[in-house]
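In what follows, structures are represented as structure tokens.
Each of the next two complexes has chain A plus one other chain: chain B in the first, chain C in the second.
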Partner chain A sequence: MSAVGTLKSWEAMMLALLVAIIAFNSVGSPYFLSVGNFVNLFQLSIEKSIVALTMALVIIGGEIDLSVASVMGLAACVMAWTFHAGVPMPAAILAALGAGILAGLNNAFWIARVGLPSLAVTLAGLIGYRGVARILLEDRAIGGFPDWFNTIGQQALIGPLTAAIAIFFVLFIFFAIVLHGSAFGRLVYVVGSNAQAARYSGVRVGLVKAALFVGSAFVAALAGILYAARLGSVRGDMAEGFELDVITAVLLGGVSIFGGKGNLVGVGLALLVILNLRNGMGLADITGNTQNYVIGGLLILSVLIPNMWQELTNKWRGRET
Partner chain B sequence: MNWLKRRVRPEQIRELSLLVLILAAIVFFGSFIDNYYSFRTFNRIASSVAIITVVAVGQTLVVLTRNIDLSVGSIVGFTAYFVGTLIASHNGINPILAVAIAIALGAALGVVNGVIVAWGKVPAVVVTLGTLAIYRGVLVDLSGAKTVTTDSLPQWLIDLPLVNVAPIGSLDIRALFMLALVIVVVFQIGTTYLSFARRFYAIGSNPEAAQLIGLPIKSVVFLAFVICGALSGLAGFMLLARFGNITVEAGRGLELSVVAAVVVGGVNVFGGSGTVTGAMLGAVMIGTLEQSLFRLGISEFWLDAVLGLLILLAVASDAVILQRLRQLWGGAELKLMAKETDSVSSEQSASPP
Partner chain C sequence: MTKFLMGAAALVGLAALPQCALAQDAMATPGKAVSMVLLPKFLGILPFDQAHKGAEEAAKELQNPTPLQFLGPTPQNSVAGQIEIVTNATTQGAKAIMISNNSGDQIVPAAKAAQAKGIKVVTWDSPIPSSEGEDVFVAQVDFSDIGKVMADMTLNLTGPGGGKFAILSASPDAANQNAWIAAMKTALKDPKYAKLDLVDTVYGNDESEKSYTQAQALVDKYPDLKVIMSPTSVGIVAAAKALQDEKLCDKVKISGLGLPSEMLAYTKNGCAPEFALWSFIDLGYLTYYTSYLLATDALKAEEGAKFKAGRMGEYTITKDPTRAKGLRILMGPFTIYNKDNVEAAAK
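On to the complex of A and B.
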């Protein structure tokens, strides 16, 4: 089976799964197909969905960013801290985005310039950025943001959509164009499938990787701010552990952990599968804990079953010839 | 110098430099903290490091084969909880049997990881990210949110962490730390001298070559996951002994501390190089910093930030220093090889064809 064939079949598999889940859910609960439920379902983990977009690019580029959840927490804490210190809210938001970019530049420096493994650097970032967030807020919770800020997070802005959902769709289209329709996107695939070959053919690998990590941290900071707007208050441990859910969604979307393979359509479908599955299980009174391991199992099976299928068809073909 | 270069590999100097770094940290903190050079400090660091070390040894074997096991925290929690429940309801259970059950339970969870990675050909990150959620989820569901409490455990288990197995002067070597030391020594000797255990390195440093010379890659990767699971199970038992109170949250997030210890200890995340001694030193370095910053009266909120910085510096300095050393060593090796080929060719020319 060609690479294109496997990719196509992956999305077909996700789509079939999605249709099955939606059909099952809408039979099970009359409320499932309402617009309200659909917006709700999106809204409940919209920040993770946003971060999953850039995580997909990073993983396709052959790297990994474990620090995203800590950058979310860091950005929210920087915003809350500067706001609490008397700075006007728009400036506080800019400071938070700036903190995100700084974190991204730090990751990029060690990975792209010094050449350290991203797993180690972003693991240090995961611990370190969370540490800075804790230094800023200690064990306080800071809230009392201006009304307009909370409205952005909680109220519908465009039709039934909240700002975060609208931003997600805009970013989805933007990154789909970047990844699948721009020269930079091709470079991401090239670097992800063989960084050494890319370097020998004159691609500035360091620059591509740096762009990926700065972009990833910037979007994570944005997601952290949106999360703060939705919750209405900020704590040092905000978004802790989100990185695993984000990576799970990306891998379920058919992106190869070894880089160079995958696309945003698959990731989008995987996000929908996870959201609908959680929502359906929630409506059927299945606890969040059970939902977690159903999705864990789905993650493993989504790679295991195609592998075994391929093995079987290979054996079958071997017998024929 | 050449003599030295032939005896010692750059990777061994790496561990030595980490040891020097730990000693430097101790001297540094000792000059700020009163009564720092005491056995209490040692005991505190030792007991906080013991559990991480045992898991880090298993993780090292997995990382050597170019894989990673993110499910260790869940395995530790799983075994701590279930062995704890078992001991709480059967107080008369033989201690050795209890430890064996913990190891077997951990190994069984490792078998699941290993089978799916080795024979299912699913990347280790995907598998263990999944089982991280699954093992924890099954634990939460089966437990019904009950907890294991210290007063339901037999006295020998409560006393175990305080047992002093090797009093050196007034320095205590406590049971759990001793256990961790024994495991490190056994695995260090094993991975250095057993040709069988060198396969972990062979597969990690060059999978294609390992395949070509006929190494059973799948079985070796499988074995790495099983050993990692078994050691995590043992660590679960140690956690139970140390804390007594075990909730379903026990060991959550432990995988990050373990990976941090392994990385600081100089084990290459791309496989093929690093030692279990290094992993232990990594754990000791992190444990020393944690305890010392705490004693220094620095707010606990600063701990993570410093720790993150330290991991980064450890990895960076390691990469730079190792590269320099390899260049230095590489030069020596080339000269040596040239000499050998010279002597071989002169022998050949001397003897008639």
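On to the complex of A and C.
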């Protein structure tokens, strides 16, 4: 089976899983099939969904960004801190986005320039950016943001959709075009498949990687601001641990952890699978650890099945020749 | 036959009417189907299981045919998890949500959305700091009392000479622990406690392992530390274990708020000679009773409203002195445990 074929079958499997979950949920709970519930289902994890888009690009590019959740927390804390210091809200938001870009440039410098592995650099980022966030806010919670800001996070703006949900769909289309329809997108796949070969054929690998990490951190900062708007107040531990949920969604979406493989449609489907699964379990009054078991199990399967498939086809071919 | 039944029902109704009119307190009408959610800070620790037990007891007494849902997040995902559970309960059309809030004011938008759907939001154990999105808070004991009790216990353990002590709390944004620490700091201004020196406040996030290492770090950092005061049932056990493992119980004593069954060994071996707590079973019972009364419109969440909560007797809703706009129901009382009474309470 060709690589393209495997991908197609992967998405078909995700789609089948999604349909099964939705069918199961609709039978299981009378509250599942309502506009309000679907909005909630997206809204409750919308920041993670947004970050998953850029995470997909980073992983396809052969790297990983573990610092996204800390950048979310950092951006929210920078925003709250500057606002609390008397700076008008729009300027505080710009400061937060600026902090995100700085964090991204820092990651990019060590990875693309110095050549350190992204796993180590962004792990340091995960700890370091969280540290800055906690130092800024100490043990306080800062709230009392302007009403318009809370409205962005909490109220329906476009039909039943909140701003964050609308932003997710816009970004989804944007990154789908970038990844699948632009020269940069093709470079991401090339670098992710074989960075060495790409370098020898004249691709500016460092630049591609730098763009990925700055983009990732910028989008994470945006997501952090949206999270602050949804909750109406900020504290130092905001979004802690989110990076694992984000990476889970991307891998479940069929993106190879080794880079070079995967697409945004798969990631979109995986997000829908996870969100519907969580929501259905929530409405069935299943919470906490049990939810984690189920989603963890799903991830293990998502890694196992393609590898086992590969092994089986290899054996088959071995017998033929 | 139908007419006879209706007539009988009317008679019963008439007979019941004067009683209602005479009663001053709001009384619960048992047997109404009210879907209720009990939401602890997270699942998996004993106090919340005890509160659940108390709530189930009240549910049985009130003959609520709809089963009580006891739903909670994991400690690592407490904030997002609590918000998710409140939002899902709102979707499901629950009538009352009872929250031990671990999310500070971040729970407010979700709680407000629940209220907008006519759901009663009752907090217990830990309130919503701004009190927005909350009908009433069922307080375990008066927060300023907790401050005094903690100061007294510290002084008992240091002896009249006083000395250095530190606080090991839960998460930095746990509204109840923060209020108690603030109350203790206020109490410490009394000249009686002049020789007590609060050197540090650290946070173990109500995780055993983190609380354990924080306690170790405290004794390393302050060699002449005399007492670690931990106003959380997770922190106090972890700290007592840390000191026992380090064989430091002769030098440093642990105190705070803990469960007799978990503290028994440490109280008997002298690591934690004295600690305090209230009954979480009663807290769950009273919270359920209050929420049932509110959800069945038998009680209004307003200052001065009185009601009867089954075996626990009469309560009044008052202003919450610790929060500007909040309402509270004060449960009380406090029990101080030591080697004389801990064994009986642990059973």
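A few notes on this one:
Convention: the second predicted complex is superposed on the first by the 306 of 321 C-alpha atoms of A that agree within 3 Å, B and C clash if a C-alpha of one lies under 4 Å from a C-alpha of the other, contacts with A are read in each partner's own complex, and residues count from 1 in each chain.
In this text, a contact is a pair of C-beta atoms (placed from the backbone, for glycine too) under 8 Å apart; a residue touches a chain by one contact, two chains touch by 3 or more.
Note that the coordinates shown come from a computational prediction; the quantities given were computed from them, not determined experimentally.
In the superposed model, A:G62 makes contact with neither chain B nor chain C.
Touched residues of chain A were counted for both chain B and chain C, and B has more of them. By the touch criterion defined above, A:G268 reaches neither chain B nor chain C. When the two complexes are overlaid on their common chain A, residue A:G215 makes contact with neither chain B nor chain C. Once the two complexes are laid over each other on the shared chain, residue contacts for A:N289 go to chain B and to chain C alike.
Once the two complexes are laid over each other on the shared chain, residue contacts for A:G236 go to chain B and to chain C alike. Applying the stated contact rule after C-alpha superposition, one finds that A:G259 touches neither chain B nor chain C. In the superposition on chain A, A:G143 makes contact with chain C only, not with chain B.
Look at A:I127: by the touch rule set out above, it reaches chain B but stays clear of chain C.
In the superposed pair of complexes, A:G224 makes contact with neither chain B nor chain C. Residue overlap on chain A between its contacts with chain B in one complex and with chain C in the other: 138-139, 236, 241, 287, 289, 292. Chain contact summary for the complex, chain C toward chain A: residues 42-43, 69, 71-74, 76-77, 79-81, 83-85, 87-88, 91-93, 104-106, 108-109, 129-130, 171-173, 203. Across the complex, chain C is touched by residues 29, 31, 34, 36-37, 40, 44, 138-139, 141, 143, 150, 153-154, 230-233, 235-238, 240-241, 278-279, 282-283, 285, 287-289, 292 of chain A. Listed in rising order, the residues of chain B touching chain A in the complex are 68, 116, 120-123, 125-127, 129-134, 136-138, 140-141, 253, 256, 259-260, 263, 269-270, 299, 301-309, 311-312, 315-316, 319-320.
Residue ranges on chain A touching chain B, taken from their complex, read 110, 114-117, 119-121, 123-132, 134-135, 138-139, 236, 241, 244, 247-248, 251, 256-258, 287, 289-290, 292-293, 295-297, 299-300, 303-304, 307-308.
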